[in-house]
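Next come two complexes built around subunit A: one with subunit B, the other with subunit C.
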Partner chain A sequence: MNILTNIAPVKIMLATLAAGIVLLPAMAGAQVLVPSGSFHSVMPEVKGEPVKVDSFYLDTTAVTNKKYNEFLQDHEDWQPQNIPSIFAHKGYLKSWKNANSDDIVNPDHPVTNVSWYAANTYCQSIGGRLPTLNEWEYSAQLMDFDSPSDAQEFASRLMSWYSTVDNENIGAVGSSGIENSHGIKDQFGLIMEWVEDFKPVIANDLSLDCGTVGRMQQLGNAYSYAASIRYITRMSFTPKSTNSTVGFRCAYDVEKITEKEASL
Partner chain B sequence: MKPLTLTYTILIGLLLSGIANMSYAQTDEYKMDGMTFGMPEAEVFTEDYDGPPVVGDHLSMLPNLEPLDYEGNKTHDVRIDIIAQEIEVADGVKYEAWTFGGTVPGPVLHVKEGDRITFTMKNRSDEEVTITQPTKEGSPFMQQVAQNNFMKAKEATMPMPHSMDFHAGTVAKNDKWRTIAPGESIKFDWVANYPGSYIYHCGTPSVLMHTAMGQHGVVVVSPKDGYDTGYEIDKEYVVVQSEYYLKKGSGELFQYDYEAAQNRNPSHVVFNGHQTILHDQPLKANAGDRVRLHFSNNGPSGTSSFHVIGAIFDRVWLEGHPFNEMRGMQTVLLGASSSATIDLIVPEEGKYILIDHEFADAEKGATGTLKAGPRKK
Partner chain C sequence: MKKIFLIALFSLAATSLLAQHNHSSDSALSTTEINSEHSLYHLNAEWTDHRGETLSLTDFRGAPVIVVMFYGNCTDVCPILIQDAWRLYSSLEKSVQKDVNVLAVSFDTENDTPKVLQEYAEYEQLDIPGWHFMTADNANVRTLAMMLGVQYSKKSDGHFAHSNLITVLDEEGRIAQRIEGLNQPMDKATKMIESIISNKDKR
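Up next, the complex of A and B:
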């Protein structure tokens, strides 16, 4: 059974999917190179052809409340009391008790209740950008499992997670115990994430119809079903949407990182 | 921030919003066979509303049917908000349901053939909503749920896009049944053209998952001239069959079981949303009563062979339409989203078990009790 593109030694403990706080690694906020490659998307236009993805850098963890607060200090326009209503729904940063204090609640937790506009601007402000939908999904597929049955078990847990994200108890970044084979953490198990083109043009044709799931299930397994739930959920968002299970991480063009390193 | 970057951001953002807010060509209102078609375009908007999630008359908690207290036709202003709610569906089995109005199934709406419904729905799945503290602006449903919190409903949140599909409405789905994101609201009109009992459910993909998570309910459309029987009904109830596909999660709560749902292997098959509610709170009648059951199989995937042990269905109207009358049925076979309006004579004092005669489902919970007292007439 060909469930995921890569089957290699297990890096994740399925049992820790929803439990266990792992200490925040020193690497938090760091980026790693995701080498170029290809993956099978669940989007129907792909027709079995793998999607090619160029190499890019991706944050190992989602942007935290602390990091986002730092951004707000330099970008007052994006503070809750200043943000124009065209850039976010009313729920923007609603989980923050006092967005102006240095006392950030849960500093190491992923920031949520941020609109796509805000996420986009944050990433640009640090010389990055939001990952594209294909980059994000490609990275998410670079998971190592011992066997197809382990992958199947993981996918099935993923489906359960999508039905009951415990957004009252979202842990710190890096705490999901899930990482891909390049050390990118928590693409599953903590929050959902904004991507640059979250509503692909083809979404128009899919129009969230009952048959959408069927068309997205060419791989016919729990993993593609879980992926289809992600695509469908993203499609219904607007760039102003803010909700308590959606945060983001940033991606970077390879050239930009190389330039930065050269200039050091 | 560089102005150029911001301009780019806004443009892309507008493009992405634009895709969400396509407008649809609409047909003007017209009549055919005495029925009304062609509704105005649905309105999608954001509002500050944080009041009761179920508002309007003739909305009740199962198994009640709010009586129609008006002559002729009327327009119903109805609100059923989408909220997540932790509920119990069997002894010790709790999960975070995706609901219309806070219970599974959602509230029963009772209207008359030809009535118009102005429906508003806010996707409050990202908000904690209490359903057990009714206010005056609520509905009979809110009162009933406050007095009888059988499912032990508790606030929960689970932000998800959702939609509403009323089978009782004849409209274009890409407009009225549109998927809306958490924090958004939708408002649209529909006319109850056909009498009968009709399910409503969330139509957002995965429609299996959304319906199995709890997003379904029933609209009872009473025929404008009633059923042609020549007798009065003593008791009238709504009974809804549905399945859950749950497995134990990592904590106390149960979670959606994707494989079980795909394989049509429910963990629980229930009447009125709970494995034992219709035994602990039996339907009541007396010997010699004529009882009318509006029975709906909301699925999402199972069939139901509905039977009442010790009784024969005197008259059955398939889908509840007065033209579809059948007599003397022992069992009514109903596929997912089918219904029947059933009259039965309660023969004598005692206990009558409502059951899905597909016994595998009965033993997963699809049973209930009709308790009959002594004859009073």
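Up next, the complex of A and C:
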């Protein structure tokens, strides 16, 4: 029962999660400060040494179809009919086909079928950037559990979710009922998300063998299984990949947000 | 027993996710994957070189370009990588050289300011016409790396793990040749650059 060993403070609303899909209003555009700290990565970087992460701002939810559509209105180069093939595979925004700009299907759902290039450009266009892999993983682990059994239950829910992601039934942003202690929602339970450095150099050494799984398992906390699945899945992505279960959210440098607030 | 079960579950989970994008898992940029759509000049970003000049990649359209990604604090591998780029450049006929640009792009966006890059260029005795030690904001540097297929990641000691790659772009910014690894033979790349120039002259 050492499952809580590596867990940082926060709260998980297991009750909400258990209640199933609860449609919450989309908090599009909202971002919160994630304070600096450190976490234990499943990556075999320096054995046992926590990864330090500086403060940053992160969107509370993934970018929605509605928001992405607004971006396309100002950035025609990124519309499906115009995007250069160096920036995306053919599946780019394929779920949007037959939808015109005034009639976005599922406006409050996370945009998916977007390549890394598209996600990166979107975040740049609003003065942000994609979160780094370490920032994303750090934020995802900022959850607190009331008891070891809650943590265990969460871990098994995660495993079950990662093994059966249903791309036909992705809910609205905020609907997973999962959030970290700072109000960052849906890092689990909705979609996979792009990060800036989704394929770290060291990932070349990792493969889907028992040794890798065993090494990642040594972390032994509620997140490690899910984290190792994410790392390994990301390795198969290319920056042009357009997957129906992959979207993104943006991060912001603390200085940029401070400047913005100062200018208001 | 539990472990075996978990491994089986893990494999299942990973397989189901992987299966969804197998159709699109081709490698990002191989040299065979070339058509006009695949020009790096689609990247619309602002760069600053070690002379403090603002540049766009399309400024280099019309002639071959040698691209290398490195970082200034790299004292082990990067000097070799930069020297490799020099080896390729200096293997060209003087008449060819004058049409070729070399872009040495730093992925250490925190430390490698234009001033630091100027010092680096001088130290390497490469503050010469046609050579540009460049930087941009992090998102654009990462995008260029993705387009070239260069991987890099900052380590906790401030150094970077990174791929060693020199890329030759043709006159339209398409990848014409990739030289992977250090101290590689350059003759193929030399011939490629010369053929790009001579084909261009014929037209």
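Convention: the second predicted complex is superposed on the first by the 225 of 264 C-alpha atoms of A that agree within 3 Å, B and C clash if a C-alpha of one lies under 4 Å from a C-alpha of the other, contacts with A are read in each partner's own complex, and residues count from 1 in each chain.
One rule holds in what follows: a residue touches a chain if its C-beta (ideal position, glycine included) is under 8 Å from a C-beta of that chain, and two chains touch if they have at least 3 such contacts.
For clarity, every value in this text was computed on a predicted model and none was experimentally measured.
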Simultaneous placement of subunit C and subunit B on subunit A, clash or fit: clash
Partner chain in contact with A:N243 - subunit B first, subunit C second, else both or neither: both
Partner chain(s) touched by A:A222 [first = subunit B, second = subunit C, both, neither]: first
First (subunit B), second (subunit C), both or neither touched by A:H75: first
First, second, both or neither for A:E168, with subunit B first and subunit C second: first
First, second, both or neither for A:S36, with subunit B first and subunit C second: neither
Which of subunit B and subunit C A:P84 touches, first, second, both or neither: second
Partner chain(s) touched by A:K52 [first = subunit B, second = subunit C, both, neither]: second
Partner chain(s) touched by A:S125 [first = subunit B, second = subunit C, both, neither]: first
Stretch of subunit C, among 42-50, 60-68, 96-104 or 186-194, that runs into subunit B once the two complexes are superposed: 42-50
Common interface positions of subunit A, toward subunit B and toward subunit C: 86, 89, 91, 116-117, 120-121, 124, 159, 163-165, 167, 196-197, 199, 201, 204, 208, 210, 213, 225, 228-229, 232-233, 236-245
Complex contacts: residues of subunit C adjacent to subunit A: 3, 6-7, 9-14, 16-18, 20-28, 37-40, 42, 44, 137-140, 142-143, 146-147, 151-153, 155-156, 161-163
Residues on subunit A engaged by subunit B in the complex (per definition of touch): 17-19, 75, 86, 89-91, 116-117, 120-121, 124-125, 156, 159-161, 163-168, 196-199, 201, 203-204, 207-210, 212-213, 222, 225-226, 228-229, 232-233, 235-246
Contact set on subunit A toward subunit C in their complex: 45-46, 49, 51-52, 77, 84-87, 89, 91, 116-117, 120-121, 123-124, 129-130, 159, 162-165, 167, 192, 196-197, 199-202, 204, 208, 210, 213-214, 217, 225, 228-229, 232-233, 236-245
Touch list for subunit B against partner subunit A, complex: 1, 5-6, 9-10, 12-13, 16-17, 19-22, 46, 48, 95-96, 126, 157-161, 163, 174, 179-184, 203-209, 213, 247, 249-251, 253, 255-259, 262
